[in-house]
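What follows are several structures.
The same chain A turns up in both complexes below, where it pairs with chain B and then with chain C.
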Partner chain A sequence: MRSKLGKYRTPYLFIAPFFVLFAAFVLSPIVYSLWLSLQEVVGIYVPLQFVGLKNYLDLVSDPRFLHSLVVTFTYTFFQVTIMVVLAVILALILDQRTLRGRNVYRLVFFFPVITSFIVAAMVFKLLLDKEIGLFNMLLRAVHMRTHAWLEDPTYALPSLITIGIWRWVGYQMVILLAGLQNIPAELYDSARVDGAGSLRIVFRITLPLLFPVIFFVIVMSVIGSLQLFDEPFILNMHGGGAGSGGPADSMLSTAIYLYQTGFLDFRLGYASAVGYVLTVVILAISLLQILTFGKRAGFAEI
Partner chain B sequence: MNGSLDGYGGEVARRISLYLLLTAASIVMLTPFYWSLVASFKSQSELFDLPNVFIRQPTLANYAQLFGQTLFVRWFVNSCLVAIAYTVLVLFFCSLGGFAFAKYRFPGRNGLFIALLSSTMIPPWVTIIPIFSWFSRLHLVNSYLSVILPGSANVFGLFLMRQYIQGVPSSLLDAARVDGCKEFGIYARIVIPIIAPALGALTIFAFLGSWNSFLNALILLRTPDMFTFPVGMSSLVGSMNPQYGVLMACAVISVVPTSIIFFTMQKQLVAGITLGATKE
Partner chain C sequence: MNERGARVFASLTTLAFLLCASAAFAGGTSESTSGKKVQLVVWAWDKRATDTTWAASQEFMKLHPNIEVQAVNFGTQDAHDKVLTALVSGVGAPDLFLMEYWAVGRFEAMGALADLTDQLSDYQANYSPAVWALVSYKDRVYGLPFDGGPAAIFYRKDIFDNAGIPFPTNWQDFAAAGRKLAANGIYILPVQGEVATLWLFGRHASVSDYDGKILFDNPQVVDTYQWLGDRIAKDKSIYYKLPWDPSSYELIKSGKIAAVAAGFWYSGFGISDLAYTPDLSGKWRIAGWLPWKAGDGATGSFLGGAGFFVPKQSQHVKEAAEWMKFVLGRPESEYDQATKSGIFPFQLGAMKQLATQTPALYGGQQIYQTMMDELSAAPPVIYGPNYAPILNALNTALDRIALQGVPAADAIRDAAAQADRERVVK
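Then we have the complex of A and B:
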């Protein structure tokens, strides 16, 4: 035993620092959170009270929680779909070697990646302001109806989706561009020799070969979008309030709801249950995507 | 399309419309930056009473107010301290752990690695509640440690390091062993210099990640003097009477460090982003 441990001492020592932190701040919180989700606990210094699955059962009939799922799914569906379509189009255009200034364009589309969500949300709050926002200013100039984009429940979520697309489209474009570079040029050449037009080449050769990368982008974006928090949090901070779900709860993402229950009401058990349901939703959707399209995307090889 | 657009003329028309489209899209992408920059140099009255796309009377009042009347400088320093400490920890732990996963065989290696990777599927929302609860009990809430430590077991970083170190020839390490080099010496004197480019990429990711991180800091930092930049900014947004000009000045300054990183280390940034999406 001793000699065996001695033999492997070096690698264990090398992973130890990382693993100690991982155990303390990732692994044990994951386990403890599951335990907490089975307790009735309001506050930090109060004893836990085991209630079994009560929190989960309560969630099923909690209208605000169910509404938060609807908001989160709606956001995710539209944000990811529009963003991926735009990113694919941009990547296809900017992949053309003959295009002049393509590096400048790439830089421009990629640039929002440097902003934090906070800055993005703050800037859009001003851009979409009903009085002094640039967007309404332009609408006024062409005599079109203006709206209170962030205060009107009808437009709040679409505004949020727009911000998400703006912040992420260039990031996804860069990943797709890298994928395009891995497609061998001979394939295009032989298709051209066969007399295929550009659009036909895109649909018959480029997109099918790019599919694994597109799939990766979609799966990762869905995981990210389902956790939506920073932008709605900032957009709905005013008058000293924090963590609101926006006008008529139109921006109440599940993560915002978790914040409300956990860090405003200090219902730590209930909030943990929200966290676990969100986790299960994320895992289930990812798994569903992989089972449906994973084979075509080459997941079987891994 | 009529017939005359075929051939050369059609190609030119297609090109021009493509450039127009790209330029229009670029303008849309850059407008938020332009708007915040412009707003940061406008006085409160110009911003509200004379809404305009351009600046009439540029003023530094917003910046003066930001520096003079908020804890802005303090937040900036806090963010720098936290981001630097976090980055150093991540670089060390991830490269050392990545080296072990890449170049040693030991029982549990694959199981452990899969466990690490699957943990990235779990949203931080699950871990933040216990972390908050434990740090509160340990009276560590509102400390630098509370925002540096929890994220420092960075699985992405470990994965990046492992990938890169796998490409280092094992014969090189064996040669050093024959020459009597200790295992930690191999890590410090052979592996580290070779993987310097990957360390560069990880430096950017760790720094940007910490600089922009909001959730942990929002929950674990309680008093304004301890706030990091994003939390400080959000407290300005949340104040009773938010002053847009000051907020925009704050936004402009906050993207300065990240822009510098962006322009100087673009290559590493892209390399890190595309890792995992494309198989080499």
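Then we have the complex of A and C:
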């Protein structure tokens, strides 16, 4: 063992910075917050008070935490479903070699990913404003009912979902495009020779062969969406106060609730428990997805 | 590269990473490496507002050559989060930090603030009692005011004149004026959650006591929130949720908003931003907070505003207090702040100096005199240690009343239960 370590000392040293930083800034906070979730944190100079599983048990009967789970799941379900369908359609269209200017389109759809969301949120607030917003102006022009898209609890979450789709659809599209390029051209050629139409090719060749990539995109998007934080945080930063859950808590994602309990209410032990429950939920859902569809998507080894 | 060279390179890289990491940990250390100079690290936000503070810091350093002031600017929320993280972790806190008044109670309850009663209590006479209450807690003094939010109603005189409505003198008349303006497609006022508390404090309603007990489940609060909800939903005279960001100026510029209720700090915003619309200059006026109904005595209210405070873990509490006395405690420095950055002066001396000033944006009105009159009638506000969950619950209550038609009595009762469940200081 020792001689082996001696032999590989140099490579280990080269990769050491990552592990040192990982341990200091990722692993230790993870372990510490688990410890913290079993404590009640009252003050800075007051010793932590061990309360066992009390924080976790309190969560079960906390109506706002349960509500935050409903908001998070609703957001994730609609945002991921619509976004993935759109991303697949966009990828299929932009993969057409005959499409003129397709690189320009790819760039345009990718723009939201590299745009600072602070800037984008400001633009969306103006677009969706109930008085001077472009969206309501268009609706007024065609004599349709206007709404307070970001202030009305009924429309706030759908607006948030739309913004989430706008922000991430380009990113997923690029991943899917890369997947499309890996499908051998001969398959398409032979299908055409056999007389298959375009739609038939898409459903019988492209989508089945793209499934591993689509599955990857779904799993990663679900993980990302369950951690929903930036969008509601920034959109409500100046309206209901930073970290607010939006109108009547309609945008209260679990991560926002975690922020409220930790950074606004100062209940750091409870916030850690919220964080751990969210982590377990994400792990469970990811595992469920992999167990259900993983084999078909080439995750057979798991 | 031979293996020995590679090993040395790898070791050095690791070392460099570790040094960077430890430097990051030590971000808030306050001992200078050069000589025996004391470094005072000051955290604040909003560069525009703090420019004058940093200029005063330069003067301060000339008088105290052994002290070096290091000024750091963040966004408001960033500053709060960073202060909390530094205080809880026990390392990296600054020596002074700007903090909104509502948070004094929660930091005090956590035992995080240095008690400056001995150093600063002589300054009490310079401020009105309601203002002094903002920087003190349970009779202990923790800081000095920086900018402040005595409530003010910024209104467009031209809009009221065109509609033939004299500016109202109480909130019931204001509601009637709002209905008239609404008929012309103009909102009399925007309101968002936090702003609603202005009406509570204006009616002397407490939301909490010093020990964190929730007090807002009472008929006065229910009545106030129902009144606001009715103006929003029934009269459609109040624009609900105008954010404090540049998108709000578009709406204000469009002439669809007749007035803005805020803390006086909004005039700092106004001087810097609203004045960019030259045709609006001179059209604004300021009114102090209105009594609830005809026959009620004069009153005042507060919204927002921030002071400088010292964390208990600072190694230089004495020097930090000296900085406060010089930068914030002198009427001259407040006078500078007011004239250069539009920040409301809180010291009676500075206010008197400014009383005759007539900023062009407000058409020759003596706005500081208006605010002085209000401050003399303003009741002290107790935010308590649980203000964050209280405000959050009240905001949700107003959403439910105004947007979902829930009766105020039910919404406020639920909000009180929520705040009670979520409060950290029991």
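FYI, the second predicted complex is superposed on the first by the 290 of 302 C-alpha atoms of A that agree within 3 Å, B and C clash if a C-alpha of one lies under 4 Å from a C-alpha of the other, contacts with A are read in each partner's own complex, and residues count from 1 in each chain.
We adopt the following convention: a contact is a pair of C-beta atoms (placed from the backbone, for glycine too) under 8 Å apart; a residue touches a chain by one contact, two chains touch by 3 or more.
Computed from a predicted model, the values in this text were never measured in an experiment.
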| item | value |
| --- | --- |
| When chain B and chain C are modelled together on chain A, clash or fit | clash |
| Chain B versus chain C as contact partner of A:Arg64, first or second or both or neither | second |
| Partner chain in contact with A:Glu131 - chain B first, chain C second, else both or neither | both |
| Most chain A residues touched (candidates chain B, chain C) | B |
| Which superposed partner A:Ser28 touches (first chain B, second chain C, both, neither) | first |
| Chain B versus chain C as contact partner of A:Val174, first or second or both or neither | first |
| Contacts of A:Met237 with chain B and chain C, given as first, second, both or neither | both |
| Chain B versus chain C as contact partner of A:Leu268, first or second or both or neither | both |
| Against chain C, colliding segment of chain B, chosen among 3-11, 165-173, 201-209 or 219-227 | 219-227 |
| Doubly contacted chain A residues - partners chain C and chain B | 10, 14, 17, 21, 24-25, 44-45, 122, 125-126, 129, 131-132, 237-242, 263, 268 |
| Residue numbers on chain C that touch chain A, as the complex places them | 3, 6-7, 10-11, 13-14, 17-18, 21, 76-77, 80-81, 84, 87-88, 90, 106, 109-112, 192-194, 239-241, 243-247, 250-251, 254, 256, 312, 386, 388-389, 391-392, 395-396, 399-400, 403-404, 418, 421-424 |
| Residues of chain A defined as touching chain C within the complex | 9-10, 13-14, 16-17, 20-21, 24-25, 41-46, 62, 64, 122, 125-126, 129, 131-132, 148, 151-153, 237-245, 247-249, 260-261, 263-268 |
| Sites on chain B touched by chain A in the complex | 18, 22, 25-26, 29-33, 35-36, 39, 47-48, 51, 53, 92-94, 96-97, 99-101, 104-107, 109, 112, 116, 119, 121-134, 136-137, 149-153, 155, 158, 183, 187, 208, 211-212, 214-215, 218-219, 230, 233-234, 237-240, 242, 244, 247-248, 251, 254-255, 258-259, 261-262, 266, 270, 273-274, 276-278 |
| For the chain A and chain B complex, residues of the former touching the latter | 8, 10-12, 14-15, 17-19, 21-22, 24-30, 32-33, 36, 44-45, 90, 93, 99, 105, 107-109, 111-120, 122-127, 129, 131-132, 134, 137, 166, 170-171, 174-175, 178-179, 182, 213, 216-217, 223, 226-227, 229-230, 233-234, 237-242, 255, 258, 262-263, 268, 271-272, 274-276, 278-279, 282-283, 286 |
